[in-house]
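Chain lettering (A, B, C and D) follows the sequence in which the chains are written, and residue indices restart at 1 in each chain.
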């Protein structure tokens, strides 16, 4: 039996829900895989050795940290699921704009919770992560593919190509050409571009594709009326610190 | 005076819908359909969905010949026996514009000349291509690429709008069979029809007058000689590397393949999916080395391949002037503009060039 | 309809060039860290008999569950009944391959590519220059030439790699060095262990060995394979020493998915590494942009 | 003598909770329900963001009831800017809520709660022996997911739920399919109701003084008014006057009190307060149940949930029918930012939810407050736990722990 764990740190449980939404996969996994740790779905969660440990959520408290470090020690393969665990998630979008103290004051006033808290951080800042499945929430199909690959001892393959790829191949009209700010050209595909299919600009929930051209995108936004800081904040929601400092990039740096 | 030609017929416009209905009785019918602001080639269930009057679809009809995602094989891990359930079906694709027909003949050369792909051949043999005439918009430059008219290509029927009727050219025995099958809808051509047909050619050419068209004379050499031109970098600065230009192109063919095992590890699917030379990973090899490391290199490569690579491989340009890559580009980069800048043409010269393309074309 | 197109479309369906044949691993040898040599034999006798190739060609190897990779053939067509591939572990698919053992099944299609122009090399001197893993395809050429020794004039083998630890085919090379009919010159990037010193003729780069070759350049065909960065320097040095650029052949690698000119990844300028290469005359490197 | 019972990690609840029960000299000294979930600073990260970004950001508060957060925040923004949405938007939003309740309640009932009563650690293990029951849970969830995906774009965090309406709306054919799905689901939901009605719930009487709910017919309708079992009524603007939040040092969730007292929200509170307004077919079904409403037994939250599930499907069918007759062309209102503050309340699956935002005149958020059901339930659940421990003081530690867990779970905090 392959031992699988699903651990939640600080997040919205959306990714764990998506795992529970994989009815087919779960049914087929029963008998091959033992969920030895999955507190959202079951009691008796032994913290034993894991063949694969999926971790959702960002590291935001001392407890998160301890659980993650312990999990890493016991896991042969550790997979970060969701944007929180891969990049820090929405909660980390203003990490660079304020100190932890300011953040706490904005939420709790002068009192402080007893637990020790940190600025929300992705797993990779604390432990080594083997694979990342970003997305808010992560994509079910990619999850199933990853599980299937790992069960077979093969690494999953996710080229970081932009969301435009999937959007165009679904024959959607380009939203940018229709005046709607969209992050498709700079975002990592794999979701099947569900948002753009509905006429909502891609919000970049899966983070950056390889060598994104933010500068050109910002100048397009500017033409569409999304200007200055607002445009940068729009890009920052899910990218947090993975959004590069924009002014310093030039076109012919490697891959640019 | 008796006037009789068997290789063309006339379809009164009023009969078009009956014609489509007739086609659909023969085999599954694919035709352009309007959805929201876009037109897409789709399988037709209801003839009234068909749009005759369109300028360009987002994706070319290529998707019905080479699907963007396809399973090449399934293999068993126990005995490594490779099998494929693929079976081409009969289909009619109706309403293809001239540029796209030329696009298909480019694909024919790519897939069938060297190491022919049986799967493509199977699909192609079972597909009937019916073209229709069109008028250009600001993005079209098929006149430069020599693909504005469907001369001597690979189609079965071609409908040219001559006012009240369609002038139907018959390009193959398969096309002829369809006409015979539905002969009550057609009439023989008369002298006036031929006159109108000739005039329609002129009318389409006229529509390109006073338009900026790229001059493709010696373009292959020019691109090689201007390989280091700053134009590439200037244009590439705006490029988002989003791959739209290649994904919508009727002649692009690049793909990546991955093996996808099932949970039990018993069978594996070999999946091929369309990719683009604009993506960095396209040229990434061991040691993290990118053969096309910069956006400029990737941007330039597309032009290089279209105008230098294809001519070397298949003796035709890889561009049919359909204008999709420019019309769909989110950064509004225009192929015409880039080529024009590369040549260093100013407005005046450009108009001259446009005149010239009327008379002689490279292919 | 155009004649050419009509001809293409009227052909009967060909056999699927994407479909590999089955082979079994008969031997695995660890050559150096992360480098293994695999020996295969075909399950199907017909495939086994009809299998022939030219040095410098490659195959598409299906690593079960992981996918297909292009790998140069390192055995010589002069020795029949088996096929050898040397593979370095660099990523997803090669990692899985390295776990396979004798008796395991794989699937192979090919051979692909043009290979070295062995026909026109006959009756000339042959200078073989290998860097690192470039020794793999050139090993095929070495044995081809040695097995038909009388057809060639002088033969030289220059081989350079990181350190003794990374020397491939150690035992074989040691024996080659003892032969009279091939001259071997070996170098290592840097001497660090006594073994390094014992093994190599020289500390330094391959380019430094070239002037030591005692051949009439115009009478010589040169075959080069190594890391892409080395080509520029090796090419320059060869030209400086008088070797004509139409007689120098280099083997180039690109990303590759299909091996038969359908996937596009391997384009080098206007050529395809898989069907127009992977062996290119040095002249092409001047004229194909981004060749190196 | 001290005796301490602690459940460090509550399983089968969304988020992270822990319970500490402290006895001194055989008497209950203290009960603490702690939420150890890391803070995510939503009140902080929404600041300076454009109003249009708010629903997207706060959606991430909870992956199960994200529709509620998105809608409550959209209500608040629309309130601040004085936006009136067209009828279609209202209907589609209500249909979304149907999807949300199907998904969330089915998840809770079948996957989080039921294993307790059937004696399994979780639904995955239960599936081996009761495949059909678990399958039913999946099926209900699936229909909910399909609705949310159809309208919102994704099953979780659909980005099409925006201030002012939607960027696009489904085709009529898809809506018809939803209607059929819902109709086909009704027998399954009836079976669910009788299953949860038939379970053996622990004997228990809660003495949390007040129940609170929105003043709508049921959860599939929206309202700006809040009603309490004390007969109090107040508007969304007054919410913070009545419901006061404070920071408890031991928990990262804040604690709320209504007029200084703990209060309950959620399925049981809603059915107790507004059960009479449910769909007639549901009321009929309810009259046949073993369980009688109003009920003071918090474990009956589970039955109330099953009641709401059935009601959601019936209402969903009605909404679809109305949508099919309405014009699907106008699916968003124009939104022009003005300076001001707006309020939004909504019944989330686990209880009443409140959002407030202030905006500068160019539409940047200048302040936010979000009161989640979890925060509001905290003191009520603590109160209930106290009561539970006192009434079951004689049972073993293990059993008591188990009971405490089941009780917390019944609230699905």
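Keep in mind that, in the parts below, a contact is a pair of C-beta atoms (placed from the backbone, for glycine too) under 8 Å apart; a residue touches a chain by one contact, two chains touch by 3 or more.
What you see is a predicted model, and the numbers here were worked out from it, not measured in a lab.
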| item | value |
| --- | --- |
| Selected pair, greater C-beta contact count between A-C and A-B | A-B |
| Furthest chain, CA centroid comparison against chain B | D |
| Inter-centroid spacing, chain D versus chain C (mean Cα positions, whole Å) | 65 |
| Cα-centroid distance, chain A relative to chain B, in whole angstrom | 38 |
| Separation of chain A from chain C, taking each centre as the mean of its C-alpha atoms, in whole Å | 42 |
| Chain B-chain D separation of Cα centroids, rounded to whole Å | 53 |
| Junction residues of chain A - those touching two or more other chains | 152, 154, 157 |
| Residues of chain B engaged with two or more neighbouring chains | 256, 258-259, 261, 265, 275 |
| Residues within chain C bordering two or more other chains | 65-67 |
| In contact (per the touch rule at the top): chain pairs | A-B, A-C, A-D, B-C |
| Contact footprint of chain B on chain A as seen in their complex | 25, 28-29, 32, 145, 147-149, 151-152, 154, 157, 159-162, 164-165, 168-169, 171-174, 176-178, 182, 184-186, 210-213, 216-217, 220, 251-252, 254-256 |
| Parts of chain D lying in touch with chain A, wherever the complex brings them together | 9-16, 36-45, 47-50, 53, 56-57, 60-64, 66, 107, 111-112, 115, 121-125, 127-128, 138, 141-142, 145, 149, 153-160, 162, 166-168, 246-252, 254 |
| Chain B - residues contacting chain C, complex | 72-73, 75, 77, 79-82, 84, 105, 108-119, 121-122, 124-125, 152-154, 171-172, 224, 227, 253-259, 261, 265, 268, 270, 272, 275, 277, 282-287, 289, 291-292, 297, 301, 304-305, 308-309, 311-313 |
| Residues of chain A touching chain C in the complex | 152-155, 157 |
| Complex contact set, residues of chain C against chain B | 1-2, 4-5, 8-9, 11, 13-20, 22, 62, 64-68, 88, 90-91, 105-107, 228, 253-255, 257-258, 260-265, 267-272, 275, 289-290 |
